[in-house]
């Protein structure tokens, strides 16, 4: 697929130039439309139906959506999820940034650390859930084993709502900080070197340099990283399912879990679809707000 | 300047590579899509009718069937194609298959709580023409589960006047029984719940065990399953004939209080988070004195690879309060209306549920579904006779409604909270009752 | 001097935090289930490779791994091509209705859609195309999913690159596309690599779609295969840990290769 360089073809190229972007975009957009959008529309249609015995029996308009907000289980699930996502992503961003700065230089040992850091996020999420379950388990988990070897009591994490919740956050931070690290590292490495060098020549300390120069230039990449991670965090499922199944009580019952149960265990497909659409809209609102806020700061 | 492009990124070469890979993938697809009936049928079928596709979820309880009965079926002329899937996805997959009459399966081996949903959707074949549901050799509670609407008990809205039809037949039996330490309960199986606690405590004092009892506390299905035998034995009932909630009556509350206080105090500390592997570890590792469980885990007692107390564990009927009733949960077989080999599938089921084949099943080590099969000389394991005792003492399935999963979820969450607090069993039931009533109201049960 | 100490302390700390759960996973993978659930041992008392050999002998793990590798590489590759071209279009051109501002985010919103919502409709779509239980069925789905964020991510990275470089090249005789190929792509390499890693990890570990689309070792991917170890009642902890170790290996090896490329990206990006 090579294009000629003779002036004649470049004139043709000018017309082609106008249509070019659409050709470039077409395959990508078509694939997404066919495989994702079309079924999604199907799903939205389902959200206006009332399901009984696994099939839609009547159309109820937006009733599924309004019912959501008077459903205490949904409100709880949403609250738990928002808490989880906020805490986990915040921690992951800060730690990821720190790690990226730490590993940006080519010094001894740093390369090994970089390689090791990638490992947590490549392990299948289900397995990560299992491993942490094996760490937290009260009777035979790693924490209890260590505690008992030191003469202490069994460590109870998963039987306690708060601890189980924090344990879940810890799992997510362990698993996904490497991703933030990777994206931010790429961002740092793509930065032009001159402004910070000039600043340092002027005598500014490295913390100042960081705040005034590095951080602002990283904003677009930070935005990408945070939004991506937030979207994924809302969809956390495998790990929670294996770790706590939503318990104890409802302490770790993320909305993804409740939605999945509603659709597949309770067979209330319409209600579940409404739930997912609602959550999707919430995430979208957040993503838009975050992007807009970061763009505005950029131009300032 | 930066003409030094990493070689993998030139678009031209990329297209070629992509094309090659796509072609490769397509050719593999073409190879794989061509149907895979490579098994040369060198055994000429005798009386049977050929191919039968069975869908099942992966479960140890089906191993005797797979190992011993499928070969026997082949002898009888049935070519069984076994499509196994993981438990979490089969309900949805099979239901989609049934509703769309996609014809991927001839028989579904359902988990019995799924029957109401499939049956109510009208996607199952009537088996009554070939298979006799009235045969007294069937184990009562099991064959009852094959009828829709149920012959007894409350009926879901829309089916109040319908004639009960046989749309499923029990396939492999399973139910809760008690496993206990015979070096603690030296007089034989403890008969009452108080017995377990009393004699169990003596065992703890003697240093033989650490906890009289162990069970599962994880919210929803596990905790409700653990609480089930307690509840039923105390005389509790979930619903009345009009689906009004009755589980928070006197007896229910007594059962709940006993569960979250006395039982918890006499169980390992982390029991709130326990699922079956942890409760299993407690009994097989020698820490617990007694446990109520299904056969799959019960049978690990005799396996030195899994158990540290081989020889010290025996089986008995679940303990009594007013009654001694445990939960029953079986594999039950149904034929979708869209099955490609419908008649053959029904014929197969008839052959399989015959007394002879069931006897073979018992010898292979599964709990059979016909009474006469329990008389075999050499049952495959020592749990089978106890299973029959339990059936006769009392064994009940879960309520026959497709909404049971949701009810169980609500109940499980409230019970789990009370278990955490080691108190408030009765209140938990009241809260759950309110939520369940709301939900059933929404689903149109009381209109 | 203290900077050196600080650096090495940091390194040790990071490694410890990252490696402890991994140690636990590896240790569990060489224990028996009985030892995992009943004995409380920090170091396995009689390590065995039984779990690993079981995975291949009894559980078709070789097939799962092959399927995963093929499906992942093809779908990520295709999505990178399609997505980068699309991202370039948005980053450099003006489209009707100011689409270039919105298309990136619009595509991303499809990423937000949780797989569960479209699970059954997609299943029926694949069923209609007769692609159930095939590599191509999975590839089609994963390509679509990956394209949604490849476009959005690469748009961001492309925008970081000043237009002057391409314009200079075009004055010198390059066309748009050859300028893209020779100038923009190398500069955006770190971004491409990061996106690729992300896409590979997400695709490799994707579970829900694999769950419904695949049914036999013909096409079952590694996470799907691992899930078969979760029974209705019991979980095979030991095998799962072994599966976890095995499953992670291909990607870790891949990451090791890619490490050097990240470094290359660093030096390229610093050229003035």
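Side notes on the structure shown:
For reference, chains read A, B and C in written order, and residue numbers begin at 1 within each chain.
Here is the rule we go by: a residue touches a chain if its C-beta (ideal position, glycine included) is under 8 Å from a C-beta of that chain, and two chains touch if they have at least 3 such contacts.
Keep in mind that what you see is a predicted model, and the values were worked out from it rather than measured.
Common neighbours of chain B and chain C (chains touching each): A. For chain A, the chain with the farthest CA centroid is B.
Ranked by C-beta contact pairs, the top interface belongs to chains A-C.
Rounded to whole angstrom units, the spacing between the C-alpha centres of chain A and chain B is 36. Measuring from the averaged C-alpha position of chain A to that of chain C gives a distance of 14 Å. Multi-chain contact residues of chain C (touching two or more other chains) are listed as 37-38, 120, 177, 187, 227, 230, 235, 237.
Chain contacts: chain B has residues 11, 15, 88, 92, 278, 281 touching two or more partner chains. Looking at chain A, one finds that residues 1-2, 139-140 touch two or more other chains. Note for the complex: chain B touches chain A at residues 11-12, 15, 88, 91-92, 95, 99, 117, 120-121, 217-220, 268-275, 278, 281-282, 402-403, 405-406, 409, 413, 416-417, 420, 435, 442-444.
Listing the residues of chain C that touch chain A in their complex gives 7-8, 10-11, 14-15, 17-19, 21-22, 24-25, 28, 36-42, 82-83, 85-86, 88-90, 92-93, 95, 100, 103, 105, 107-118, 120-122, 125, 140-141, 143-145, 147-149, 151-153, 156-157, 159-160, 173-178, 187, 190-191, 193-194, 197-198, 201, 204-205, 207-208, 222-223, 226-227, 230, 235, 237, 240-241, 243-244, 247-248, 251-252, 255-256, 259, 262-263, 265-266, 269-270, 272. Against chain B, the residues of chain C that register as touching in their complex are 32-34, 37-38, 70, 73-74, 77-78, 81, 120, 123-124, 127, 130-131, 133-136, 139, 165, 177, 180-183, 185-187, 189, 192, 211-212, 215, 218-219, 227-228, 230-235, 237, 261, 264, 268, 271.
Interface residues of chain A facing chain B in the complex, by the touch rule stated above, are 1-2, 52-55, 67, 72, 137-140, 154, 156, 158-161, 164, 244-250, 261, 264-268.
Partner chain C is touched in their complex by these residues of chain B: 1-6, 9-11, 14-15, 17-18, 21-22, 25-26, 28-29, 32-33, 57-60, 83, 85-89, 92-93, 96, 100, 102, 111, 276-278, 280-281, 284-285, 294, 296-297, 305-308.
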